[in-house]
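What follows is a pair of complexes built around chain A, which joins chain B in one and chain C in the other.
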Partner chain A sequence: MAKYIGSRLLATIPLVFAVLVVTFLISVAMEANGSIATQICGEGATPECVGAVEDELGLNDPIVARFFSWFGAVLSGDLGSSLLDQNTSVGELIGERIWPTISIVGFSLLIGVTLGMLFGVLAALRPGGLLDRVISVGAAGVIAAPGFLIGMLLSWAIAVELGWLDPVGYVSLGESVTGWLKSITLPSIALSLPTLAIVQRQLRSSMANALQSRYVLAARARGVSRPKLIGRHALPNALVPTVTVIGFRAAAAIGLTTAVEIVFGIRGMGEMLVSAIVNRNVTVLQGGMIIVGLVVASVNLLVDISYGFLNPKVRLDK
Partner chain B sequence: MSESELEPTIEETPPPKADSPRQRFWKRMVRNPLALFSMVWFVILIVSWVWPELLATHDPFKQDVTLQRLFEGPSGDHWLGTDGLGRDHYSRVVFGAGFAFRSIFIAMTIAIGIGVPIGLFSGWRGGRIDRAIMWVNDVLFSLPIILLAMAVIIILTPSLTNAMIGVGIAMATRFVRLTRGVTLAEKEELYVDAARITGISVPRILARYIAPNLLPSLIVQAAIISGAIILIGATLSFLGIGASLDDPDWGVMLNRARPDFRREGIWQIMPSGGALVLTVLAFNLLGDAIRDAIGRDASSNALTITKRVSVAAASTSHAEGDDLVISVRDMDVEFPSAKGPVSEILNGVSFEVRAGETLGVVGESGSGKSMTMLSALGLTPAPGRMTRGSVNFLGEDVTNLTEKAWQSIRGKEVGVIFQEPIAVLNPAMKVGAQIMEPLRIHMGMSKAEARTRAVELLTEVRVPDPARRLDQYPHEFSGGMAQRVGIAMALACEPKLLIADEPSTALDVTVQGQILDLLAEIQTRRNMAIILITHDLGVIAEAADRVLVMYGGQVMETGSVEDVFFRPKHPYTKALLDTMPQNHSGDGELAVIAGIVPQPTAWPTGCRFAPRCVHATDSCTSTMPPLLTVNTDVVRCLRHGEEGFDLAQPASGTEVLS
Partner chain C sequence: MRNSKWMRLLAVLLSLTMVAAACGSGDDGGDTASDADTETTTDDSSAETDTEPAEEPDEGGEEADIDDALGTLEVDEEAANCASDVELEVGEYNPGPALNTAISVGLGSGINPHNDQAPAQISYYGWVFEGMVRQDTDGTVVPWIAKCWDRNDDGSVITFFLHEGVTFHDGSPVNAEAVKANIDFIKAGEPPQVLPPVKGQMGIVSSVDVIDELTVQFTLNGPGEALLLSGLIRNSGFLVAPSALGSAGENPLGTGPYKVESINADNTQLDLVANDAYWQPQLVGAESVKIVAMNDAQARVDGLNAGQFDIVVINAPQVEEVPAFSTNTTVRVGFVVADWTGETIPALANRDVRCAMGQALNRVGIQEAFRAPAESANNQFAVGPNDYAYIDDLDVADFDLEAAKEAFAATGEAGFEFNNGHLPQGFWPVVSSAWGGALAELGITMNNEALDPPSGGEMFARLARGEYPVQIIAYNEPNALMSLIARTGEASFNPSKATPDGVLELIESAKGKSFEEGEADVAAAWKIMLEECIFIIQQTLPTFIGHGADIEGVKHVQGLPITYWPHGVRKAG
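For the complex of A and B:
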């Protein structure tokens, strides 16, 4: 197993590298679409301003040289500074903004995956039964609704009408644990519902496949009881495709959290990225992309490792 | 009445007029209420898009900032109320359809325009280039779509078109995967190979062979991705980096409502949110419906629960005797299907097996051998079910036994060895745990006891190094070793009956012999009854005491092994015997029975073997032969006992009807 994890770990290096190349190309492409420096300095840009920005971005160097100096800086943890304010480093900015985002995405995945698996198994127990149909209809509806819209509904119903939670704002974990939990509950639920539905659907269909397999038939012929057929025989096999879907969904949730954060007035990565785009503050966007790339790479790694646990063939062959 | 007076009595039933695939597709679509809903919704959307003025009641941009005109609820003038600038919600929602379609159009053109050619190229080329392309594709695929769109937006400046360029590029990765998968699979097909050899150009091959196979999944995927494009487009517009903030785009409407909906009421987000959700839902349902409608077999059918139905009683009584292990009488098994008629898989199957005896069951594949045994044990695969008959097991009527009650019999009193030895082992579970399962369930053994016994069992079936083998997974076993594991599991609780379905087919000849010897040895030791299902008459000759010949879901004849081999009563048995290599005179060509086993949905009207029977007469094709009892055995042939009827002499005069 250790060997397998090691080989998977190595496999993420090219992925991270590819993300860095794509990220770097954004500033090159922006350049091609008109001088970034002039745009940043605004109408009537002074030559000093343009010069300063060009220096900051190293825009006058050849592309390959620029890439390697940028690459070197990123490796040493230097993501540059915000183009709007030379004194704010992108690293610090992200350090401030990342915690609300991580909290919401993490909590939403926890809720979505746990409940999605529960409902998936429940639906597969009696396919075509009442529970299955109710869950299917709910899942189809939830998949069609964007997380931010669900967030608006929740915020209005739970926070405004019922007054159970605060409609906006974020309390950091350091300030108060219960405050933190309360502040991330609604956004996390909003973001988790589509996850829940997607995980439920996948697990239901792969459970149904597993329950129709020859090995389940054979286990039935040995007198294995229904709970064990489901829990010990079908579930571990059905989890393999489900884990893949969870991985994709985790990446999607990182993107979709932006809009949910804005609904709940939380100053996380989402708000940071949107204002970076509006202000064409490319270093901030690049910093955000690098972080997201790292998170996606770790999610992929986790998915691969769980394959190893779920599928002995993968684990032992490598 | 002489032969000649008989007019052929086969009724010329015209074949039911078959729908063309296209007709069938639309019929299925219209019959599916969800698909109908989405199609109606699309008609409304398309009208809103092409001619919004027809539906809209107001100018979507016209503001009315008199105070009482802001944030209005639904009224006669403003059907869906007004927004914070007094603009008419309903008219804005109508105009929003145009933005939705424009989004789909831009993103989809890019996604398909980039994705499909790359996928075709990659799948067709294969090899290293394919791997490199797919690697890059997977990297992009794994990044959040919104983030890729953001990257494009910051490069090109925010606008709906630019946002959709980004979404299109991200979605192209989905089409690369799909197209490449289909191309890769099709490329291996023989007809594509043949086309290549005959020098047909690659673009023509792609158009003629790959495209038709790609198109259905492409359409399904495109419908579902259209829904996703609308969702992401709305999210980007909501973030303020998509459509312009004055436009009547649904996402923008939600953006505009955001600061106020808590104060002004949730109604503010309902018109645009509702339109958005309904549209995405319609696309998803459409995709599902198309998939179901083009699928030959809607997979959802396989999921419906088999309702317990009362089983009609058998018309004949069970055999008697203390040594009787299992007795089945008049068993019918049916498979209902949503689209076709009910198909009758088994019809009037009867047999019995006594302690210490081996019943060989023969017949070509598709004759119902395996289904008979599964159904006798209450294991009929859904949605099939037993509709008539009676099963006695160890003196008890088990016809209507609940699944729970069966659990204490299966694995304990009856063991089953399945064909495909690897497929019946759970790939995610250690082999030892699977062998120990029946021991722990039925014998109440502790883990340690079960393990000791499992080692003994594996030793008994001659698996070398059993203790180590217990901790291995199924993929580490060869077919032969896995089959021994299957035997060990079936024998674990010393059952009174062993059902062995092709226990040796997958194995090479020496192993085959060993396994049969092993079974015989254990049988003598434990006085166990065995039902041996095989299509190999050699195995029957070697191992069986009595023989059951099946065809078309019916019993054709029973008899002792000597009778069946030397004095067959049924033309089908004779035909089977003639295919045996040693009975086959001549050039060493492998003999087969001419014709094919009919499908259960299309059994012939009279004798099911008639289309292939060399002795068939006119009445054979119109009258179903009854099961005749001959001494202690049975035979199902109209001509049995007919004077001068000789199985060795093919019928003359009355020729076989095609």
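For the complex of A and C:
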């Protein structure tokens, strides 16, 4: 197993390097009109100021030299300063923005995966039955409705009309545990629904197949109890494709969190990246993309490793 | 509120329709999240423009001693007496409960008034900083830290008499030396501490002299009382404690009713505490204030209605969703036919062509599309009959596309093509697109492109470079004279540097007069520019502030830079 994990870890390195290269190239494209130096010098920037900043940052150096200079800085943890405020480091900015996003994405995955699996198994137990139909229709509806729309409706109904939770803003865990839970509940639910629906549909499908497979029939013939049949024989096999879907959803949730953060007035990574794009804040964009890229690569790694646990054949093949 | 519920009901029905569609197709589909925001007001829409070339500080003036200054600058004794006539009413310091507010944008780079000039962001500054003068709710300039001011005969020397006992947040006194230090700093400043447009606001100042502890005299490059006052009500007029000049971003020490307690890393949350040493203690309305940036207008309104916020910036259609609101006009939006002498497009030299283009602009239709008040459609700088430099007999044709087509055809000019650069968000692309569509009916092709970078500074920089023959802009100077000067005469937006006959003379005449005395000249100059169809104004943009029913004292200010003054705003109980 250790060998398998090591091989997966090594396979992640080229992916991370590719993320860094793409991030760098995007920033090069964005600064083609000299926006980095102009942004630093501010509105009404003089040519002298722009020239001095370009020299200082090495923007006129060959692109390969610039990449390795930037790459070295990134490896040492230096993501630079925000172009809009040279007193704010990108690392500091991300440090402030990442916790709301992690909270929302983490909580939404917890909700989505847990309930998705529960409904998936329930639906698979009697395919075509009333419960299966109700759950399937609900899941289809959730998939069709955009997350931000669900978020707006939740915000209006639960927060504004009923006053049970706060409609906007984020309270940090350090500030108040209950405040934190209240502030992330609605956005997490909004973000979790597509995950819930997709996990449910995937697990329902693979679970239904598993329950029809010969080894399950054989186990049933041996007199294995129904809970054991589901929990120890069918579910582990049905989970392999579901884990892949969960991995995709985790990566997608990081992207989808942008709309949810805006609707719920939460200043997280998604909202930061959108602002960085609008304001051509290249260094913040670079930093954000690196972090998102690392998170996605890590999720992929975890998914790969989980295959090894769920299906011994996978790690033996390696 | 009722409309909002219907809209949401509609959203629910839409969702159900989508559910039905999804069930029908049996397709797992995917998320189709879209976070498009369709805000109709543009609190982040524009920027100031440089109005006068910046002058080097007058070293000689700085070194002049007080006796010489008194001997040569002639303080009017009668005017000086105004200082003793103005009695400050000092009430009790009694701050109310904390206030939570939300606006649409964050601060760019800390709360340094000299390094920021975006109008929406200036909403932050009024809580912390003040100037010698300020804009009142009707847009007029009134004394504030200065009790009053005096001018010499031609308006080239302005003397301010300051209130006694005003202090900065570090306890240092606001006196003539502090005012001089601020203006000298701005005039000598460079980015990033002082933005060129902010420096340009003081370009008309030749020197600042200390007359006595509370009397400070501004010598201008020429007549220009109105120009000086227009600069002083904006960023360049916000007084920073001398100890913080050069580091105001990290050390924001003003004179305002609130002191900065903290600002977060990305400048999107400002926490303030009451200034218990404020010189008008009765105007400190809250023990603390939190200002947060929240981009989504609906989120701000939801926060207000749920009691999380007390005061928020809202859009026009949202006035029905909030318990109470105030509104006033801010910027004027329109098009500048920069190449009106036909340097790059000869047809634009023909007044009839320009006026036919103007007649194709559906001002009211655009406002209706945004659900903005139809009366905010406007064809002149002044807001209404009571506003400064309002033109009673303006002869600009109303929208009539058929008449415009006929008028253009009658000129005998062939169709032509030009580019227009606009900010990418809010109403800018919509207004540009709407006019472009109408112009196409005339045979004129208007290619609209989003500005990159998308900033007000870029918009005016391109105007100054003459990059577009016709360009949409916001006229956000606080008075009509400033706007006129910014875009005529020596202003470089016009490739030929030409100005219609009579305009420069009227401007020069107005510059030497007070606001009131110069109004007729300014109106006459605007009339020429508007009737020549060089300025094609489209709307007067209102801003809206939503607040709780228990909030008192929100006084919306007409025009920029301040949306509402925080002084005296408090929560009942």
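Everything that follows uses one rule, which is that the second predicted complex is superposed on the first by the 294 of 318 C-alpha atoms of A that agree within 3 Å, B and C clash if a C-alpha of one lies under 4 Å from a C-alpha of the other, contacts with A are read in each partner's own complex, and residues count from 1 in each chain.
Basically, a residue touches a chain if its C-beta (ideal position, glycine included) is under 8 Å from a C-beta of that chain, and two chains touch if they have at least 3 such contacts.
The structure presented is a predicted model; accordingly, all values stated were derived computationally and were not measured.
Which partner does A:W156 contact after superposing on A: first (chain B), second (chain C), both, neither?
Both chain B and chain C are touched by A:W156.
Would you check which partner chain A:Y215 touches, where first means chain B only, second means chain C only, and both and neither mean what they say?
A:Y215 contacts chain B only, not chain C.
Touch check for A:V224: first (chain B), second (chain C), both, or neither?
Only chain B is touched by A:V224; chain C is not.
Could you say whether A:A259 touches chain B, chain C, both of them, or neither, answering first, second, both or neither?
In the superposed model, A:A259 contacts both chain B and chain C.
What is the contact status of A:R267 with respect to chain B (first) and chain C (second): first, second, both, or neither?
Once the two structures are laid over each other on A, A:R267 reaches chain C alone.
For A:D166, select first, second, both or neither according to whether it touches chain B, chain C, the two together, or no partner.
A:D166 sits against chain C, while chain B stays out of touch.
Should A:L20 be classified as contacting the first partner (chain B), the second (chain C), both, or neither?
Once the two structures are laid over each other on A, A:L20 reaches no partner at all.
For A:R280 in the superposed arrangement: first (chain B), second (chain C), both or neither?
It touches chain B and chain C both.
In the superposed model, does chain B or chain C contact more residues of chain A?
Of chain B and chain C, more residues of chain A lie in contact with B.
Of the two partner chains, chain B (first) and chain C (second), which one does A:P146 touch, if any: first, second, both, or neither?
Both: A:P146 reaches chain B and chain C.
If I apply the document's touch criterion, which positions on chain A are contacted by chain B in one structure and by chain C in the other?
In chain A, residues 33, 140-141, 143-146, 148-149, 152-153, 155-156, 159-160, 167, 252, 256, 258-259, 262-263, 274, 278, 280 are touched by chain B and also by chain C.
Please name which positions on chain C make contact with chain A in the complex.
Touching chain A from chain C are residues 8, 11-12, 14-16, 18-19, 21-23, 26, 28-35, 37, 47, 50, 102, 108-110, 115, 117, 190-192, 195-197, 249-250, 264-268, 292-296, 298-300, 302-303, 305-308, 425, 452-457, 461.
Give every residue of chain A touching chain C within the complex, in rising order.
33, 35, 38-46, 49, 82, 84-88, 92-93, 95-97, 137, 140-141, 143-150, 152-153, 155-156, 159-160, 163, 166-169, 194, 198, 201, 252, 256, 258-259, 262-265, 267, 271-272, 274-275, 278-280
Please name which positions on chain A make contact with chain B in the complex.
For this pair, the touching residues of chain A are 14-15, 18-19, 22-23, 26, 29-30, 33, 126-129, 140-141, 143-146, 148-149, 152-153, 155-157, 159-160, 167, 208, 212-226, 232-233, 236-237, 247-248, 251-252, 254-256, 258-259, 262-263, 270, 273-274, 276-278, 280, 282, 285, 288-289, 292-293, 296, 300, 310-313, 316.
Which positions of chain B touch chain A when the two form their complex?
Listed in rising order, the residues of chain B that touch chain A are 135-136, 139-140, 142-147, 150-151, 153-158, 227, 231, 234-235, 238-241, 254, 257-258, 261-262, 266, 269, 273, 276-278, 280-281, 284-285, 302-305, 374, 377, 379, 381-382, 403-404, 406-412, 415-416, 418, 420, 423-429, 434, 437-438, 441-442, 473, 475-476, 486, 489.
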